[in-house]
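Presented sequentially are two complexes of subunit A, the first with subunit B as partner and the second with subunit C.
Here is the complex of A and B:
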C-alpha cells in the first residue's frame, strides 16, 4: 500500500519539478505567438513577432555572429580538447596530475569573475575587446567540458586495441584515426555539442568582451530589454531555446547523461 | 641463425627486477613457450620482444637485426592479445585486413590474403560479422588470423588460450599447432599452464622471479629438471634431500636411499610422481629402492589416481593409473619403490 502511495507522490513531485523548470519557458514561448504586445489575454494566435524579427537587421546580424562564433568555438575547442584528452590518456608526463586537476576549477568560477579577468587580460596583451577576444574566451570556457566528456568516453576504451593496431604496423596517426577516434566518436560529438551550447548561450563573458557594435545575440537581447521590451524578444528567445535544447538533448543522447538507451 | 634472440635483457620497474639478465634463442620456424608463475616476468619478456616495453639493457634481435630502438609498428611482428583486442567497430574481414591495409598491399592482394587467412582458421563463412557477434573461440581464431596474415617475422601470443574453457582449449591447442606448422612461422607464446607449454612447444623457457631458470626441449626439461622449482612446477615430483655418505643419501629419520652412479656430488634429488610405485608388501629386486611410508589419502580422478603419503613428516605424491594400483586401505603403512636411475640430481632452489 505505502509503496503505491509513494510511487504516486513521486509522480506528482516529478510533475511539479517539470512545471518549475518549464513553466516560464512555455509562457514565454506562448506569448511569442500572441498578437498583443502587452501579454493581454485572451490569447490570439499570430506570427507577427516572428515576421518582425525577420526584418530586424540588428537581431539577424547578431544571430549570424552568434552562430558563427559558436561553430568556431565548437571546432577549435573540440579539436584542442580531444587532443588533450588523448594526451592525458596515452602519456605519462611531468605535471600531468596538476594539469588535469587545474582543468576543472574554471567551471566553478563565476562567469562574472572569469569575464572580468579575461577583459583585463586581453587589454593587457593588447587584444582588447572584439570578436577575436569573444572567440578566445568562449574556447577557454568550452574546453573543460570537451575534455570531461571525451575523457569519460576514453575511460571505456581498451588500451590493448591501440597496442594491437601498433603491432599490426600502424603508426600513431593511423591508430588514432582508425581505432581510437571511431570508439570515442560519441564522446567527441557530445563534447562538440556542449562546446556549441556553452558558446551560443554565453552572455556574461560575451558582454564583457564584445564591442558595442558587434554584440552576440544574448548580449543584443539584454541591451534590447533595457531599451524597452517587445515580444520580438520572446520570439527570438523561443528560437534560441529550441536550438539550445535540441543541442543539449542530442549531446545527452551521445554522452549517455540521460541513462542508457 | 636464430630468428629471434634475446641477450642479457634486464628490466626494472621501480625496485623490482621484472627481467634479470635474460637470454634465449628462438630459432626459425619453431614454436616456443615462455612458462612461469604469475609475476615471473614471462609477459614482460614477450612485451619487450614486441617493443611495448623498452629494456633497460641487453639486446633483442629479430631476423638478425637489433631492434632495441625500433618502435613496435616497425618490428614486423604479429601479436595476439589475451583478450584478443579485436577492433569492435570493424568486421571480421576488416580486422584481419587491418595490417594489410596499413602495409598498402593493394585491394586485390588484400582480399585474397584475408580469404586465405580466414580459410586457414576456418572462419571464412563469418567474414562479415562484428566481433561482438562471435563466440570466444571464434574471436580467438580471428585474432590469430589477424596476427599472421601480414606474414610477420615472428608471431607473439600472450596467454592465447587462457580465456577459453577447458574442452575448447584442448581443441584450440591442436588447431594452433596445426596452423603454426602449416605457415611455418616462428612463434613465441606466454603461458602459465605447464601442460599447454609441454603440449605445444618445441622449446620451453621457464622463468622465475625475472630469471630464465631453464630452457630446453619439453621432454628434456621434464625428464631432467635443473632445480626443485622446475621439478615441482612441471608436473608432479617428489624431492629427497640429505647428506651423501658412501653412495647413499641419508634423509631425515636416518634412512638411506641409493643414488644413481655419477651423482654423488648432489644432495638433493627429484623423482617424478609417476615413477614411484606404491604397494602393501615390501617389493623385491636389486635395481629398485624402497622406503616405508604412511598413506594419508587416495584421490580418484578417473583414469589416474593420486596417493598422498608421508615419509618422515614430508608429504609425497604418487600418481598412477587407477587400474595399476593394488588394493589399498584408505590410510595406513605402505611401501614406496622406484628404480634408482629415476632419481635426478637437482639444485636446491
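Here is the complex of A and C:
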C-alpha cells in the first residue's frame, strides 16, 4: 500500500521539477505578449514588443551576427572534430590517451577562466577583440562536443566494413566517403547541431571577446538587462529559447541520447 | 611493417592536427599566457612600465578580501550542489525505476532540454518571476488569504534559485544514468530477503549510484564557483562573488594582471577538485 503511495509521490515530485524548470521560461514568453512595459498584470495581449523588435537595428544586427558566427562555428568544428574522431577510431598511437584527456579542459574549466585567458592571449598576438576572436573561441569550445558525439556514433560502426572495402581495392579516401561517413552521418549531424547550439547560446566567452560595437545577441541582452530591461528583451529571449530548444530536439533525434534508434 | 606504421602515423597526424592546433591556439596557449600575465606588475601595452612580480598573488593572500570572496563562492557552490542533489536524486530515481517505456524517454528529454538552451535567457526569466510585484508575488498572494510582500529579486536566495535552475539537469542526468545501470533483480533479491525500503536505499541504491551522484556534484560545483553572470543579474547589491570580481578586473577596472592571478587561483581550485574526483568520475557511466 505504501509502495503505491510512494510511487505516486515520486511522480508528483517529477511534475513539480518540470514546473520548476519550465514555468519561468513560459512566464517570460507570456510577458513578451503583455502590453504593459512594467510587466503589470492583468494580462493584456499585444504584439507591440515584437513590432518594436523588428525595428530595433542593434538587436537585428546582433542576431544576424550571432547566427553567422554559429553557422561558421558549426562548419569548422564539425569538419575538424569529425576528422579527429576518425583518427581516434582508426589508429592506435602513443599519446592517444593524453590527446583524448586534453578535450576536457575546454569543457570542464569555467568559461570565465577560458574567456579571460583568450582575451589576454588574443590581445597579446594582436588579434584583439571582435568577431574573428569570438569565432576562434567558439570553435574551440564546440570541438570537444563534436568529437565526443561523433566518437559515440563511431563506436557502433563495424570496423570490418572498412577492411572489406579496402580489401576490394578502395583507397582510404573512398572508404571514408562511401563507407564510413554514410554510417556515422547521424552522429555528424548531431555533432553539428551541438556545435551550433554551443556557439549560439554562448555568452561568457563572447562577452570577453566581443567589441562593444559588435556584440553577439546574448552579450547585447546582458548589457540591456543591466541597464534596466523592457519586454522587448523578453521578446528576443523568447525567440532565442525557441530556436535553441528546437535545435537541441533535432540533435537529440539524430544522436542516440533520449531515445533508442 | 615499419612503413605501414609511418603511413598510419602520417594519416593520424593529418586528421588530428587541425583540431588540436586550434585547441592549442584558442585554449592552451591562452591559459599559459594568463599564467605569464598574472606575474606582471602592469599591462605590457604602450609606455606602461612593467616587471615580473608576485604582487598579484600577494594581494590575494595578504588583503583577505579576495580570499573571503573565493570562500563565499565556494560556499555558494556547495549550497547549489547540495540543493541540486536533494531535489534531483528523487527525480532521477523516479525516472530510472518507476517510469517505463516511451514516456520515460520523453520525460528525460524534457528535463535535459532546458539545460541545452540559453543559460543567460533562463536567468533573465527568473528576474521576471522573482521581482517585486512580479508573477511569484502575485501568485502567492492569490493563494494566501492575507497579503505578504515577497521580493526575492537581488537576494542571495535568488542567486541560488537561478543557479539550481541552471545546473539541476546535470545532476539528474548523471544520477539517472547511474541508477539505470543498477540491475532491478538486485533490488528484488534484497526485498525478497526481507530488506526494508530504507535499507535498500542505504545499502544498495546509494552506494551503487554514488559515482553518478558525485560526477553530477562536480559538474555543478565547478561552474558555480566561477559564476558571475547569474549573481550580477539576480544578486544585485548582494551579487558580489569571486567571479564578478574577476569580471571587473577585465571589463571595468582594467587590472588584467590581477584578474589573471585571480583567474589562475580559481583554475588551481578547479583543477584540484577535478583531480580529487577523477577516480570517481572515471567510474561513472556516460
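The rule is simple: the second predicted complex is superposed on the first by the 258 of 261 C-alpha atoms of A that agree within 3 Å, B and C clash if a C-alpha of one lies under 4 Å from a C-alpha of the other, contacts with A are read in each partner's own complex, and residues count from 1 in each chain.
Here is the rule we go by: contacts are C-beta pairs under 8 Å (C-beta built on N, C-alpha and C of every residue); 3 or more make two chains touch, one makes a residue touch a chain.
As the structure is a prediction and not an experimental result, all values here were calculated from the model.
Per the definitions stated earlier, placing subunit B and subunit C onto a shared subunit A by superposition produces no clash, and the two fit side by side. Judged by the touch definition given at the top, the superposed model places A:137 against subunit C, while subunit B stays out of reach. Partner contacting the larger number of subunit A residues, of subunit B and subunit C: C.
Once the two complexes are overlaid on the shared chain, A:228 sits clear of subunit B and of subunit C alike. The three-chain arrangement built by superposing both structures on chain A places subunit B and subunit C 100° apart around the Cα centre of subunit A, to the nearest 10.
Contacts of A:218 after superposition on the shared chain: subunit C is touched, whereas subunit B is not. Judged by the touch definition given at the top, the superposed model places A:126 against neither subunit B nor subunit C. Contacts of A:201 after superposition: subunit C is touched, whereas subunit B is not reached. In the superposed model, A:167 lies in contact with subunit B only, and not with subunit C. Closest C-alpha contact of subunit B with subunit C, superposed model: 5 Å. Looking at subunit A, you'll find no residue that touches subunit B in one structure and subunit C in the other.
Contacts from subunit C toward subunit A in the complex involve residues 8-9, 11-12, 15-16, 18-20, 22-23, 25-31, 33-34, 37, 45, 87-88, 90-91, 93-95, 98-99, 105, 107-114, 116-122, 124-129, 131, 133-135, 138, 165, 168-169, 172, 197, 222-223, 225-229, 232-233, 243, 246-247, 250-251, 256, 259-260, 263, 266-267, 270, 274. Residues of subunit A touching subunit C in their complex: 6-7, 10-11, 13-14, 17-18, 20-25, 27-28, 31, 39-41, 79-81, 83-84, 86-88, 90-91, 93, 99, 102-103, 105-106, 108-114, 116-124, 136-137, 139-140, 143, 147, 172, 197, 200-201, 203-204, 207-208, 218, 221-222, 225-226, 229, 233-234, 237, 240-241, 244-245, 248-249, 251-252, 257-260.
Partner subunit B is touched in their complex by these residues of subunit A: 158, 160-161, 163-171, 174, 178-179, 182-183.
Here subunit B touches subunit A in the complex through residues 50, 52, 71-74, 76-79, 81, 83, 85-89, 98-99, 102-103, 146-147, 150, 156, going by the rule given at the top.
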